[in-house]
Each structure stands twice: as C-alpha cells, then as structure tokens.
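Following this line, the structures themselves.
Same chain, two partners: chain A is paired with chain B first, then with chain C.
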Partner chain A sequence: MSTRDNEEKSIEYAVRTNLVHFQNWSDVRICDDQLQWRERTIKLLSGVPQTPLANGNTDPDGNPVKEYLLPVNLAQYKSDFISIECLDLIFDKLCEPDTKRIILSIVNDDGTIVFYFVYKGVHKPKK
Partner chain B sequence: MSKRVSNTVRYKYPLPIHPLDLPQLFVHNPISWAYWLYSYITSYNALSNKIHVDITKHNNFIHIEVRDLADMKYLWDRGFFGTGQLSRSEPTWYEQTRKKFQSSSDGKSNGMSLERVTKLRRKQRVEFKKQREIVEEKLLQLRREGNLTPEQEVEILEQERDKLRKFKDDQASLHIMDQDEDITEQENKRLLLQRSEILDENDNLLNLESLQLMPVETIFLSFALPILDISPVDFISKCCLTDISRYSEDLHTLLIQYAAYHHYRSHGWCVRSGIKFGSDYILYKRGPPFQHADFCIMVLDSNCSKPYTWYSTIARVCGTANKTLVLCYVERLETEEQILEWLQRGQLTKVFNSFKVGEVIYRRWVAGRNRD
Partner chain C sequence: MTVTINLIGGSECYNSLLTPLVFNIDDIKKLRELGICGILSGTLPTASQQNIFLTVPLKLMVEEAIWLHIKGLAKFKVLRCNLLDSINEILEKDGEQIEKTAKLRLKKSFDLQREYKKEQHLLKLERLGITDSERIEKNVNGNDKLLEAALFIETPTTSNLLNNIHLSSVGWGISDKLLKILISQYGNWDNYLLFQALRDKGYVLAPGGRFGGKFIAYPGDPLRYHSHMIIRDALHYREQPIDFLELAANARLGTGVKKIWVIGSSTETDKGPTNNDKAIVDDNISFYSIEWAGFG
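And then the complex of A and B:
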C-alpha cells in the first residue's frame, strides 16, 4: 500500500472527510503533534463547526471557535484504551492551553461516526 | 424534476432476492401456457454480475466498501444494507452535493432532502430557545427587583408563555427560517475548499462517498445470499487478526455477532448497527424509511455476566429512545477444534448451525406506573 493510500484509510482521515463533506466544518486539520500511548499513535484534529456547538465558546461576534477532536475506532474504545491518564496527556500535550473539552469521535465498523464531548473537569450541563 | 417514487414501490423487495414475475396462467388457453413457459425459461432471478466490494485493512481496522452508485442503491433498496459514510444512513451525499453545486440555475427545487428538513427544524428550535432565554431572563430580572406579587408573576408568566406559543406557531406556518442567509467570507472559503476536493479537472462531481458494510453484513451477503464477489471464509480469516488456525477471541466475537445477525435477518427483521444507542444492533420491522426501530440488541456470550450497572445503564438509554432492550445470548454447542475444522474446510453452514440463540428482554419496571 502506498503512503497516500495508507493515509487515506486512517481514522484521522475518515473523521476529516466526514467533517469537511458531511458536517460542513471549516479549517479542518489533522494536527502535527502526536503522542505515543500503549503502542498507538494519537493524533488530534482541529476545526471550526458551522454553528456554535452546545456549551461551546464563541468569539465576540458570536461565531463558533476551534474545537479539538480525538478520533478512535470502536474496537479500540472497547478495550479500555481511553483512560483518565491518557486524556490528561492529550489535554496537556496536544491541545492549546485552556482547552476545556475535546470531541471524542468514534468511528464504527459500518462507517458511522458518533461524537461525544469530553470535558476537562466538571462542567455545567447543557440546558 | 424527478418523479417521487413511493416507498412501497421503491422498497418492494425486503432482501436482494426476487421471485420471478410470471404472467397469469389461463388453464384453458394454450397460448397463455406457451407464454408462461417462455417467461419462465427466459426470466432470471439472480444478479447478472456479483457486486464488487473493496476490502482494505488499516491498523487492524477493516473497511468493506461498495463504490458503484448502482450497486450502492441496489443494496440499500433491497434490505437496507450498508451505510453511506457521508450521510445519515442512506447514501445520499452524491445527489445532495450535485443539487447543491450544480443546479443553482433552476432556483428553488422542491425535492427537499431529509437532511435539509432536519436542518430547518434544528434552526427553528435554536431560534425558539433563544426567544425562551430572553423571556426567562426578563422574569428573573423582575423577580430580582422583588416588587412582584405572586398574582402578578403568574399573570406575566402566562402572557410570556402565550407569546412563546405564538412564536412557535408562526415559525411553523411561515417557515421564517428557511431563507438563505447571506454567505459570510468564512463560509465562502469553506465552500471553495469543499468544491476543490469534489470536482475533477473537467468540473465533474467525484463521488466521495461509498457504501460501507459491516463485517456481519458482508458475511450475510456472501454466505447466506451470495451476491458479493468474495468468499465468506476468506473474508472471515481476513477479519480476524490471526489466520483461522486458532480459535481467537476476535473469531469468537465475529461468529456470535454473525449468528445473532443471521438469526434476526432470517426472521424478517431489518438489522442495522446500534451504535447511536450504545447497542450492537437495532431492529426495524421493515426499514428506516418506514418507522423507527423498536428494539436494541446486545449480543452476549451465553455465559457472560456483567455488573448490574452495565444492564441498567443500557436499559435506561434504550428506554429514553423508546426502544426495548433485548439481551441476545449466543451459545456455542461444539468444541473450538470442531468449529475450526469446519471453517478450514469451508463448511460455514455447519459452523453457524452450532450456535444457539436465546433472548431475554430487559425492561425497567416502575410499580406505580406499570399497573396495566
């Protein structure tokens, strides 16, 4: 398999395509920073949603701001891959300081991607 | 404009098999006999070509994709197999994008796609919530000032509620939110990038979306109803990380998942992934366009036991979504060695016959409410 093919099959790429062409996000990037966790390489994505997400921050004009996404596949998720320790590392090493939350993007074996917020610490619930 | 095809016509076949359409036979009319025979001999109820699937593996994560537009439609229309990666479930991305980027000349199209309807409703809800917030803010302000008698408060509350109700009705009747808002610079940039990735040099729309099949669907469509161009045994060994000389955990999971999938498919249910409800499968009586799914299925090994909170958590999620949770226990009746031997000889019928399925419905019960 060529590198390009390899890249296009990665879950990061699957989430990217979903955000750009289905959820209509802008400035979607696969971040350069990465970290090793239990023999796996973790990479985040960043992007700006079309409308502000629930409980999300906005700029002074009320526009949505950058969100971070953590792509995982469902099989990984089942085997206790994401632990508190791992999430702490992600917030510390891969996000800008003051990032309050990341979006867990779970890629299923049927091609569906489901998204969940993961907050750092306690957060006021949505109305 | 395309003519709307009714769902009953479009989804006439519940599975990708068709009975022969034979003409009526009149016993006393020999010409009718001849015509019937002719039709019988010439009709053909198998697919002329098997459907091609691309199977790729990346970091132990398997992708099974159908890329041909006609094949994608065929599999969706006959049994709702697969999921469009860039759609909610039915692969509609190509059509939608074509409408969005290539038909701006004909102005308003009346073919309103499901995703657009949902978007419109969401927008209305957001607008409504904003209004509600304003009202609540106002009330809070009045209460803080503290010079409200309880009667006055009730009166104001009633007035504001009426206003809100009226706002909601107006929204629904006038579709006030359905106007195209002015496109901002940011939005323009996004559209340009999107467009650059989906058009080739000659401005033809590329199809970025494929129909992705779950591993169990792939086994079903190559073993139970062989219409894919792959061998189910090869596929099973590809799916599990090791070859099929060892009875691995992955192999066992795949086999019991398939046993459950096949069980429900063969009882006439439309089975789809339950990821959105935290379960393995959801069951539709007929299919997603007809009604909501009624059941969430959790596939478990027959001697599996989980802590109580595990069951109650899932049952609560399913209950909130108005679905019944079914725990589907699958028991293996043969030894691991026997299963492996059959697998290696390609005798899949024997393999899957050695699994038994038993079900338990798990439902929350409230003494005060569930008395009928």
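And then the complex of A and C:
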C-alpha cells in the first residue's frame, strides 16, 4: 500500500475532508506536532470555522479564529484509548499554551463524524 | 462553630453506608451559608407519601459530611442503630421526667400568655376610657373562659427525645473514629476529592442522579441558580479510557438541559485515604468540561 493510500485512510484525513467540504471550514491542516500514545500517533488538526463557534474566541474584527481538533475512532467494538492523562498530555504538548479547548472529533465507522468541545478545567456551559 | 451531624444506620441496620443527618434548624442554616445544602427528608406522619413539603432531618451526602469534618466544621455523633429501641429505652427510664418537663414548660408558657393578654386587655380598656375599677375587675376576670381558649400551644422545632438520645449515647471523643468508619465504607475516594475540589472552588453540589451523573454543581445557592454542571464519577487517571458512547450521551443530554458534562480524576493515583491518617487533602485534580459543539 502506498503512503498516499494510508494517508487517505487515516482519521485525520476523514476529519479534514468533513471540515473542508461539509462544514465549510478554511485553512484546515493536519498539525506537524505528534504524540506517541499507546498504539497510535496522535496528531491534531487546526482550522478556522465559517462562523464563530459558541464560547469561541474571535479576532478584533469579530472573525472566527483557529480551533484545534482531536480526531478519535469510535468503532463499534474497539474505541481509541483516551484517558484524562492523555488529554493532559495533548493540551501540554500539542496545543499553544493558552488553548482553553479542543474539539473532539469522533469518527464513527458508519462514516459520520460528531464534534464535542472539550475544555480544560471546569467551564460554564454555552448560553 | 461546629454543627452536630448524626450518623445513623450502618451495616447492622441496612447493610449500607452510615447516613449523616442534621436535626437542628440553626445548624442547617449555618450549613446552607457554607454551601452545604443536603436534602430535607422529614415528612408528615399522616401523609408519609408526599414529598413536596419536607422538613428535618436534613440528609447530607457522605462527601458533605466528610468535608465538614475535615474542615473542622462538624462533629459526628452516632444515633444508635435502632432508633425505636432507643426511644423506648429512654421513655422507660426518663419518661416521667420528660413528661414533667414538658408539662412544666407548657404551664410556664400559658402563664406568660395569660399575663400578657390581661395586660393588653387593661390597656385596651384604658384606651376606651373605662376607668371604673369595679367594671374593670368584672371585665378582666369575667373573661377567663375566652382567655383560656385563646392560648397558644407552641410546637417545638427540635425534639426533646433526640436530645436525650444524645445524652445517653456515646460522647464526642469518637468523632474522629466515626470519620474513619465513614471513609472506610466510602467506595471511591477520588469521588470525594472531586467533591472537595469543586466545593473549594465555590460550587454547591447536590446528588446528580437526575441527570445521570454523580453530582450536579450550582454556581451558588440552588434556590438562586440553575445548576451548570453534571459531574461524572471520578475516572482513573491512567487506566480508564473515556467511553465515547457515554460521552456522546452525556454531552448531548447536557446541552439539552443547558449544562456541561464534567469529568475529572486525581492525578496522584493509588493514593487512598488509608495511606494517611489525617484524611488527605489533595487538590491535584484534572478536570475537563465537555459539551456538544453545535455541529456534526
């Protein structure tokens, strides 16, 4: 199998495709930093949503700014092993220091992808 | 300031945890100011099924009881396992005395009321301009029957009997021992650490069963605020992965009820309460708050 095939089968690629073509995000890229975690290499994605998200930061003109995404597998029988220790490592090693949240992107094996905000610490719910 | 927490039940009775109860209204007020709300659990003997108008005792969560004790705000007392037996025992021993005291108290209350009412009556006659002493005499003392019918019987808010149980029960000295028993019966110490961390941040916590969590957290008094968070049972920091199906269910439910789902664990693993005699205080808790992103 070629590298390209592998790349296209990765969940990072699936999330990227979903964001670019389904959610209309811009500047979506797979981050270079990576974290060796159990049997997998964790890579985050970053991108800019079309409109500012709930509780999200904006630039001085009110435009949405970059969000980080953590792609994970939700297979029917075996999911990724993401513990709280793992989240701590991701915030510590893969995000900029002032990052308050990442977006957990759960890739289901039926092709759907769902997104959840994961805030570090105790956080108020959105309005 | 210390409040008295009564521990009742335990393995002999219900094969369950000791239940912390508070009977004193002033204590309950103090606890409320401290952000410990508990749940009123007393109901009316004639309508024991209703659960809208509830009164003392205030039932505390085990975490609340432990927290209060560790902060030095409460002492534990044990109510003997079988309350009925205790009450019967007291009635047998001190029944007469208790009855006498109660009667005496009632008589004193009546005397005071009579005195007050007569005084008021005289003032009224004076206002009406009746000064004839014979008429006054007749008017005041001729109304005894009416006056007797107007006397109030005060129902005390705390129980004399329970006070007597305390007297005949074990003293203060074993409070620390009771704490240890309570802790040893307590399943997951990390849950307590979660409770403590949130309480120390100023949140008021209540049982979270209604929303499928361990606790729910209010940013202030529950009568003034809606709760903001549903807190899950403590996870193990290293060994326990987040269940994504559970996450989806809770984050979606949370969004539906305007709450955020909070997970947390103690970063210092394998450090139970037994490793330290002075019931550890540990604030190395890692929290994450999760909600639906609004798309996908």
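As a convention for this text, the second predicted complex is superposed on the first by the 122 of 127 C-alpha atoms of A that agree within 3 Å, B and C clash if a C-alpha of one lies under 4 Å from a C-alpha of the other, contacts with A are read in each partner's own complex, and residues count from 1 in each chain.
Simple rule for what comes next: a contact is a pair of C-beta atoms (placed from the backbone, for glycine too) under 8 Å apart; a residue touches a chain by one contact, two chains touch by 3 or more.
Because the structure is a prediction, the values reported are computed rather than measured.
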Inset, instruction - Figure out whether A:V72 sits in contact with chain B (first) or chain C (second), or with both, or with neither. - result: second
Inset, instruction - Applying the touch criterion given at the start, work out whether A:S83 contacts chain B, chain C, both or neither, answering first, second, both or neither. - result: second
Inset, instruction - Would you check which partner chain A:K120 touches, where first means chain B only, second means chain C only, and both and neither mean what they say? - result: second
Inset, instruction - Could you tell me if A:A54 is touching chain B, chain C, both of them or neither one (first, second, both, neither)? - result: second
Inset, instruction - Look at A:K9 in the shared chain and tell me whether it touches chain B only, chain C only, both, or neither; answer first, second, both or neither. - result: first
Inset, instruction - Would you sort A:H21 into first (chain B), second (chain C), both or neither based on which partner it touches? - result: first
Inset, instruction - Once the structures are superposed on A, label A:I103 by its partner contacts, choosing first (chain B), second (chain C), both or neither. - result: second
Inset, instruction - Report, in rising order, the residues of chain A that make contact with chain B in one complex and with chain C in the other. - result: 18, 74, 106, 112, 114
Legend entry - Contact footprint of chain A on chain B as seen in their complex: 56, 58-63, 82-87, 89, 93, 97, 126, 129, 186-187, 189-190, 193-194, 197-198, 208-209, 212-215, 217, 272-273, 275-276
Inset, instruction - In the complex, go through chain A and note every residue touching chain B. - result: 1, 6, 9-11, 14, 17-18, 20-22, 24-26, 48, 50-51, 63, 73-75, 106-112, 114, 127
Legend entry - Residue numbers on chain C that touch chain A, as the complex places them: 198, 201, 203, 228-229, 235-245, 247-248, 251, 254-255, 258-260, 262-265, 267, 286-296
Legend entry - Partner chain C, residues of chain A touching it in the complex: 18, 23, 53-54, 72, 74, 79-85, 87-88, 103-106, 112-126
